[in-house]
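Some structures to go through are shown next.
The same chain A turns up in both complexes below, where it pairs with chain B and then with chain C.
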Partner chain A sequence: MVLNPQEESLRETVVSRESEELRFEAGAALRQSSLWRDALRRFTHNRGALIAMVAFLIMLLYVVVTPWIVPYDPNNVDFSASYLTPTWSHPFGTDQFGRDLFLRTALGGRISIGIGFAATVAIMVIGILYGAISGFVGGWLDNGMMRILDALYGLPYLPFAIITLAIFGTVNFWTMVVALTVASWFTTARVMRGQIITLKENDYVRSARAIGARWNRILFRHLLPNTLGLVIVFVFLELPGVVLGEAFLSFLGLGINPPNASWGSLAQDGYTQYLSHPHIIVIPSVAIAWLILSAFFIADGLRDALDPRTEGAA
Partner chain B sequence: MLKFVVRRVLWTIPIILLVIFMTFLMMRAIKGSPFRKSERAVPPAVLENLNRKFGLDKPWYRQYFQYVENVATLDLGPSLVLRNQDVNSIVKEHFPISAELGGLAMLLAIVVGVPLGILAALRANKVTDYLLMLFANLGFAVPSFLVATLFIYFFAAKLGWFPTNGWGSASSKVLPVVALSLGPLTYFARIVRGQMLETLQQDYVRTAKAKGLRWRRIVTVHVLRNSLIPAVTAAGPLLGFLVTGSFIIENIFAIPGIGRYYVTSVSGRDYSTVMGITVLLAILIIVANLVVDILYGYLDPRTREQRT
Partner chain C sequence: MAILEVDDLRTYFKTRRGDVRAVDGVSFSLERGRTLGIVGESGCGKSVTALSMMGLLASTARIVTGSIRFDGRELTTLSEHELEDVRGRQIAMIFQDPMTSLNPTLTIGTQITETMRRHLDLSGDAARKRAIELLEEVHITNARQRLDDYPHRYSGGMRQRVMIAIALSCNPKLLIADEPTTALDVTVQAGILDLLEELREEHEMSMIIITHDMGVVAEAADDIAVMYAGQIVEQASAEELFDHPEHPYTEALLGALPQLEGEGVRASRLTAIPGRPPDLVDLPDACRFAPRCPYANPNDECAKHVPELREIRQGHLVRSAHPTSERAGALAGAKP
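Coming up: the complex of A and B.
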């Protein structure tokens, strides 16, 4: 997203105000967190990112709180109440078994977002490890590891996710997480390697090396902490893809077993009755779109906030 | 340039072997024999014969090398479940449909997405830009199964303009192609817009402006040429996009393509078919990446060194 000129000047004033403060506190110890305070200030000045953050939190709130306050049983079958259109007592209506969709969408969200976050963490861990080893060690190892990544890059994750689920034989929360991680960490690893290589050239790393710091200190004290900003951005970049991947698998009937449901399986439920009751597929799909869009704009805002030099392409 | 191409092509071979190996290991890790799931118990002697017939009694590395050899000679082996079909004939029957669906969707994505991206960049931060980017973001976020279902609901069921499913007449292809292309289309639009905005800030554009060139000429000669080249690289990942999307779209529109067949094969434990299709798709994408890389190296010589 490109910034408009006003925002640019706003940013400059923020930066200059910051440096004035620094001069004012010249005697005080330089706080390490000033980078983060800077970033926070930039983030909160970015209207789009703030709206996205609020939307994201609303979704989390809905997903977490609803099951506590809605007086229905999510799996209670009541055919007399089936296919109700949205009303005040059932804001999203009911499905073919008369189950309340406001509640089931929230519970589905818990599963979808839960799987999304768990798989994102797994992707980050593998990506960071792979990227850090490749970038830090360098040489032929780096060459080989990157060659493999180059090749795997762009492979569709869906067939490999489907095969992984077949290997496990059962579909539950954790097998789903593994399936969605297997073929999704390539981009993260590549970006992490690039970041580590860039950081390695910094003067403070050379100085650390010059005074005899060992590799583990350089890696864990100087390099990895400095990738944190990028890691946070990538969490919000990966999350949408994983949530969508889970939805696709569930939609194909390869998701979590009923009566539990994720957004994808709710959508699949709705798909079977789209002619008579189109709202049933729309609700979970809109929830997915809501989450994806808000995560995407948060990532965008974070990227701009953490690294003002790259006003990255959307 | 020749050296670059040769090295790049040679590198592809171990990569394809690696992917086949990974797929092979994954397929072996799946529990349960395909022959055990039939209703009647199969006598042990018959089971042994079946295993021998399909080479499942040999050690794993022999099976792997046999498989690589077969793939190299374009033979994907017999289907383990459908007695009278081999994987080649299954691919031959279903793949062209998927290829047509994907090809048409890709074409539509380029023909519509690229101009939209150019338009958005030239109108940056104006109403047109905002509307286009809203559309692009929605196209990225709204799951394809909702788009496809709504298409069917409105254009097929309510208005009756197109058939609800199937793949045959030209009118039956409209809805699935448009639904599948929406994701790549908006992706292209975003990439092209981002590239254009970056190029517009280059010094040579300012120079061109300063020496009084007409704006139209600056855009067509300086900006477009330098912006569209990087967009070429988007074509590689997009193919993976299309494969994933086609699994969903083929399912919804009941199109007898390879993606729909894949899902049934997995639940039927038809290893050789699943593996054949996976390997085929992987090779397709690796080769596409290769072509994109070479094309990119040709269009922008600066990248040859980095990408050897």
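Coming up: the complex of A and C.
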């Protein structure tokens, strides 16, 4: 491709035509847009995810608002009203002590969802920090941190949480959060590490280093924002797991103390009478399933929305 | 005075099999305001040479010996911290693939101003103003509006223009372009090369263009260094190198280019170079090109030790026992 004058002039024409086209193209796309706006558009076009989002919000609304408007005392024992099936005055019926389940399910939801969110936030913070440091620094530190994680992974989830609770000696909202966090932050850390390692190899990280960016800028400005999509998806994937874990512990009688209740302990109250009074166990179970399913569908929709490559497939 | 002097640079990669001698005794100097083209096939050490200068080597690589003097300052002994101040400010680099070289979560404007805010004491407004100027300088129209776009709204050629704008933002003295056009369409390639040359002149920079494309260096470089297996095998001005290639490898490279005109072009076939480059871990004490060289034979000097890089003509260096002009029966002015 040693160019002679004739080719040169031919190429010159090609070049000038190309740059004109380029200018045209450069001026054309003027619609202001961002990654997040595009993601929002894709999310709202996904019917399943949208329905799940609405269901999720309805649940939150029910849990938050009900205790303000229902005229009963959640802990008032009234044996004359025990085991009522759902009626207009008691939409979810009452339990063996005559307590209103519409109200108690909402209060239980506050505790279940509250523990769920608090533990999820804690899991994210710990998991992201641990994973990001491990992946970003690499080398022997990464190796060591991952082997520790492997060892923790080997411990079964529930016994781990139970032992943590036992160490605390008391069970309340915050010890529950800690126990569930301690037992379930590994996956987030590991996924985060993988993500950082992948992102670290990106050309834009190399480019950032080539302009003299320091490590903190690379980590916080170039790497972590690129994991945000994954983090959001992970919030909605972790939340159901934690809620389920809490329900499980409560169902085993390791949950928060009566007369307070979470969905798990409400279900436990009902399981002895599941034949004669099925509504007592069905209602909190449906609530748990409702929350978990909607969270999963939201996670799914978010994953599609935040990853443009899957556009059209959804 | 030369802006950059590289002397006997050796960069080795540690592997389980032993050291890979990716760059093995490279020396060159670059005058102010000139463009050096480094040509060679994949794995010949041209990119590693550039990354050594920037201090951006992978953790398994290390500079074993050699010096890199940039603007009178030794770069090989600088700490990581000091190097960070040089990168982007004094020496800027653009990479091969513009599609992945921009961070998808930051606007173009943020990414252009990033360098300036890092190295120059500029306010947000001033940096933004300068960013608009830079975008205009690399011929992106509607610069003001396009500044707040995210990279996915830019085409490949435009992204490479943005990368160039970023590289130029602090008025570096040296621009290293590592395969700047390889990932682009042929038509866009020419535009980028023209732009680089235009800006090099305007900003009074020196430039190093690394490529495997003889056409690109023919277009852009004043001087050319041909690399093979971690060494410079031939170095001369662009004109001299294309008109009178001396090293059998350079000859073969030029012979492997498609000819567009002349007698019997349609009937002719592309000439490939037989064999493959040597293993950089276990190098014999011989000319590295000897196994593929049509002129070498086992009894030659060049089979016993590595030929020195010697000046065969004024300003024309070659590392071969069989340069064109010394070959028996050589025609004056050998054809490429």
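One rule holds for everything that comes next: the second predicted complex is superposed on the first by the 270 of 314 C-alpha atoms of A that agree within 3 Å, B and C clash if a C-alpha of one lies under 4 Å from a C-alpha of the other, contacts with A are read in each partner's own complex, and residues count from 1 in each chain.
Operating definition for what follows: contacts are C-beta pairs under 8 Å (C-beta built on N, C-alpha and C of every residue); 3 or more make two chains touch, one makes a residue touch a chain.
Since the model is a prediction, treat every value here as computed from it, not as a measurement.
Residue contacts after overlaying the shared chain place A:I197 against neither chain B nor chain C. In the superposition on chain A, A:L50 makes contact with neither chain B nor chain C. Look at A:G139: by the touch rule set out above, it reaches chain C but stays clear of chain B.
Legend: residue contacts after superposition of the two complexes on their common chain; A:L228 is shown touching chain C, with no touch to chain B.
In the superposition on chain A, contact of A:S207 is made with chain C only, not with chain B.
After overlaying the two complexes on the shared chain, residue contacts for A:L60 are found with neither chain B nor chain C.
Residue contacts after overlaying the shared chain place A:V178 against neither chain B nor chain C.
Overlap of the chain B and chain C interfaces on chain A: residues 2, 4. By the touch criterion stated above, chain A contacts chain B in their complex at residues 2, 4, 147-148, 150-160, 162-164, 166-167, 169, 240, 244, 247-248, 251-254, 267-268, 270-271, 274-275, 278, 281-282, 285-286, 288-289, 292-293, 296, 312-314.
The touching residues of chain C, when paired with chain A in their complex, are 54, 56, 59, 83-89, 92-93, 95, 97, 100-106, 114-115, 118-119, 139-142, 145-146, 148-150, 152-153, 155, 157-158, 163, 166-167, 187-188, 190-191, 194, 213-215, 218-219, 242, 254, 257-258, 260-261, 336. Residues 11-12, 15-16, 18-19, 23, 26-27, 29-32, 124-125, 133, 137-138, 140-143, 145-146, 149-150, 152-153, 157, 190-191, 193-195, 197-198, 236-237, 239-241, 243-244, 247-248, 251-252, 262-263, 266, 269, 274, 277-278, 281-282, 285-286, 288-289 of chain B touch chain A in their complex.
Residues 1-4, 6-7, 11, 14-15, 18-19, 22-23, 25-27, 29-30, 32-35, 138-139, 202-204, 206-214, 217, 221-222, 225-226, 228, 308 of chain A touch chain C in their complex.
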